[in-house]
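The same chain A turns up in both complexes below, where it pairs with chain B and then with chain C.
Here is the complex of A and B:
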């Protein structure tokens, strides 16, 4: 990578992370949560179902968003994501604060992905291999193929919970989304405290929710 | 015969570059140090050191890590400066340029500028004993400069399957285990670290123009070239800040972490031989 103007390259990566994460949202539908004992199968089901919703543009937007939301809910471990996104600050919170944060962060992540529905432009997902770095954890590699552009590497991190594999982090262009939020959240908490982070997060989430269904200008 | 003159120039130019680098780093350290001291005195205890939470899953980041940022006050000021510079200068100019020149033209310009960057790419692959990749860079330059019309196109990749192997001296330093030091937000150049900034200067010193032309020629040529690269890149990604900001709670932190994660990953790939 050229370090010059790195800020732009980094912004591009961040963006791709955001734009491409339709594939994160790519988590899919209610029906097929069957293959829960193989991480690769789980990711395939999730991705394929979500791609189906993204491709099939008939029907009201709201219904399609609902479908995506169900897919996400069934296969993402929002509790683990929330805890991991707070890092060591999680321990300082009481049960009420944890629940409040988990609820807000869950909506925020969901709305981030739902807002991508308008940006989908025919991307395909090519599955790579799955590894298990630690017992109970798995990583599934894939590539987002964009027509006429470079492919974007994406990988899904999964954790086994009650016999089910659930996604708790996604890396896009080698950037872990949860680690990236952790750095942001820690900065806000260290300077302005947890209440301030909650306010910021709620604001952003409301904004995203209000914009759902509005097409975005992007590159 | 003329070698001694050439080397003298190298030495002089090298000293100038080095002095500039040292000044920059010193300024950063000083400003950062002063601010940090002032801040520590101001709001009491620094944030607690991160300790792993055993119930949390690992991530590619190696756990619960939060990026350290001892130069934060300096970096934040530079981040604000860069954003203002972008708002007031770069983005408006890039928009105008994008209006005049269609996408494919600007992409070709990007490839042209990138092609000229071959020396540091090849040299750093060489420094890391990645001979095939270093040779590949030289071959790419030869093919793209001729068949690719001065680098406007990339037949080396499309026809010969020769992919670019990006590399820089900041990575060479990391490759040999030199600690990269604190995160550093540079004015104009964006996110970096102390080590990556040193690398930036070494890579910059590999420009042959610096030794073959008088200082006022090469300084303006370098500056113009950098500005052109930035402008061209920005024109191809006009909504970048706006979009990233939509999903960020703290844009500074998002950029910082993305930069550091990307560098760590790139190093890992180099060590893996990719």
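Here is the complex of A and C:
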């Protein structure tokens, strides 16, 4: 039983995975903290500073990845992302299982995108508008402009936590990270159970971490 | 010369059966429920519904739980109203996606349930959505990016619906 995680398929195929990693990245800085009360500003800061790291290919790869990881940690809400990716199965888990899953999934998804940053090839992001579907939630639309290719719609979902806007989902070309994983995790859990999902996820994460050269189970 | 009584009777019965069959057929085709099950309305906004029609199915885990009642344009986005059967609870972290059954098949709305603690009330809105997969766009992207690993086609497998 080897459930396949679509992340590989998607990453191999979605050439703009590199740009999603832009979404995942922010250079730590004072300016970033200031902007935390406006969803559009948060996304702009995250994307622009991430693009800066992606463009500047002089430093060692590992340093650039860690730079991105720090900013991502500051502006992404991985707790909400993990919880939402598990869907209704989350309710059946105890506190220990939830913490374990959140930690593993967070490392997994960060490493997945950080291992792709060398695929960046000059993409730009054109910001659209921001909407607030519900109090405490916001969506920011944008477009990825690829040199010589069609642009790709991208949208960021944000949630307000403790007065701060944090990104909890990114939808590229109408494929949302959360929805994608929710469907896959659902399938694995229903077929083989939660323990099997965790084992698979930990395996993948270890592989990724080894490729990245970072110790596993980063948190 | 007249047909026998029995023959006349048989013709009459067939005639009546034919009319009854037509009545059933028109009710079925017109999707007129004589007794519609009790249901409530939920809304969802999409960037693109690409061919979703009134009457299309709403599914959870492949099970039909409702129907698309209306599609309107609200602030340049598609606002879809759905009737969901009473007793089916949709939480506030659910995601609504427009999917296609088969390559040129019908569109339907698929709802994946989340971990939210509050079920949406009648008239509520599903916050997060994924819009329709547009084949023409994918082909366009495929042609544009044919040098780099057939991106659009592969990455979109999951949007192709049921299988």
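The rule is simple: the second predicted complex is superposed on the first by the 181 of 219 C-alpha atoms of A that agree within 3 Å, B and C clash if a C-alpha of one lies under 4 Å from a C-alpha of the other, contacts with A are read in each partner's own complex, and residues count from 1 in each chain.
FYI, a residue touches a chain if its C-beta (ideal position, glycine included) is under 8 Å from a C-beta of that chain, and two chains touch if they have at least 3 such contacts.
Everything numeric in this text was worked out from a predicted model, so none of it was measured.
In the superposed model, A:201 makes contact with chain B only, not with chain C.
Legend: residue contacts after superposition of the two complexes on their common chain; A:166 is shown touching neither chain B nor chain C.
Within the superposed three-chain model, A:150 lies in touch with chain C and out of touch with chain B [touch as defined at top]. In the superposed pair of complexes, A:176 makes contact with chain B and with chain C alike.
In the superposition on chain A, A:46 contacts neither chain B nor chain C.
When the two complexes are overlaid on their common chain A, residue A:112 makes contact with chain B while staying clear of chain C. A simple residue count on chain A separates chain B from chain C, and the partner touching more is B.
Contact with neither chain B nor chain C is seen for A:142 once the two complexes are overlaid on the shared chain.
The residues of chain A shared by its contacts with chain B and with chain C are 6, 9-10, 12-15, 83-84, 87-88, 90-91, 133-134, 137, 157, 169, 171, 173-176, 178-180, 182-183, 186. By the touch rule above, chain B contacts chain A in their complex via residues 47-48, 50-53, 55-61, 64-67, 82, 114, 117, 166, 168, 170, 189-192, 196, 199-200, 203, 226, 229-230, 233-234, 236-244, 246-250, 252-259, 261-263, 265-266.
Residue ranges on chain A touching chain B, taken from their complex, read 1-15, 17-19, 80, 83-84, 87-88, 90-91, 112, 133-134, 137, 155, 157, 159, 168-169, 171, 173-176, 178-188, 190, 197, 200-201, 204, 207-208, 211, 216-219.
On the chain C side of its complex with chain A, the touching residues are 45, 47-48, 91, 93, 95, 97, 112-115, 125, 127-128, 130-133, 137, 140-141, 144-145, 148-159.
Across the complex, chain A meets chain C through its residues 6, 9-10, 12-16, 83-84, 86-91, 133-134, 137, 148-150, 152-153, 157, 169, 171, 173-176, 178-180, 182-183, 186.
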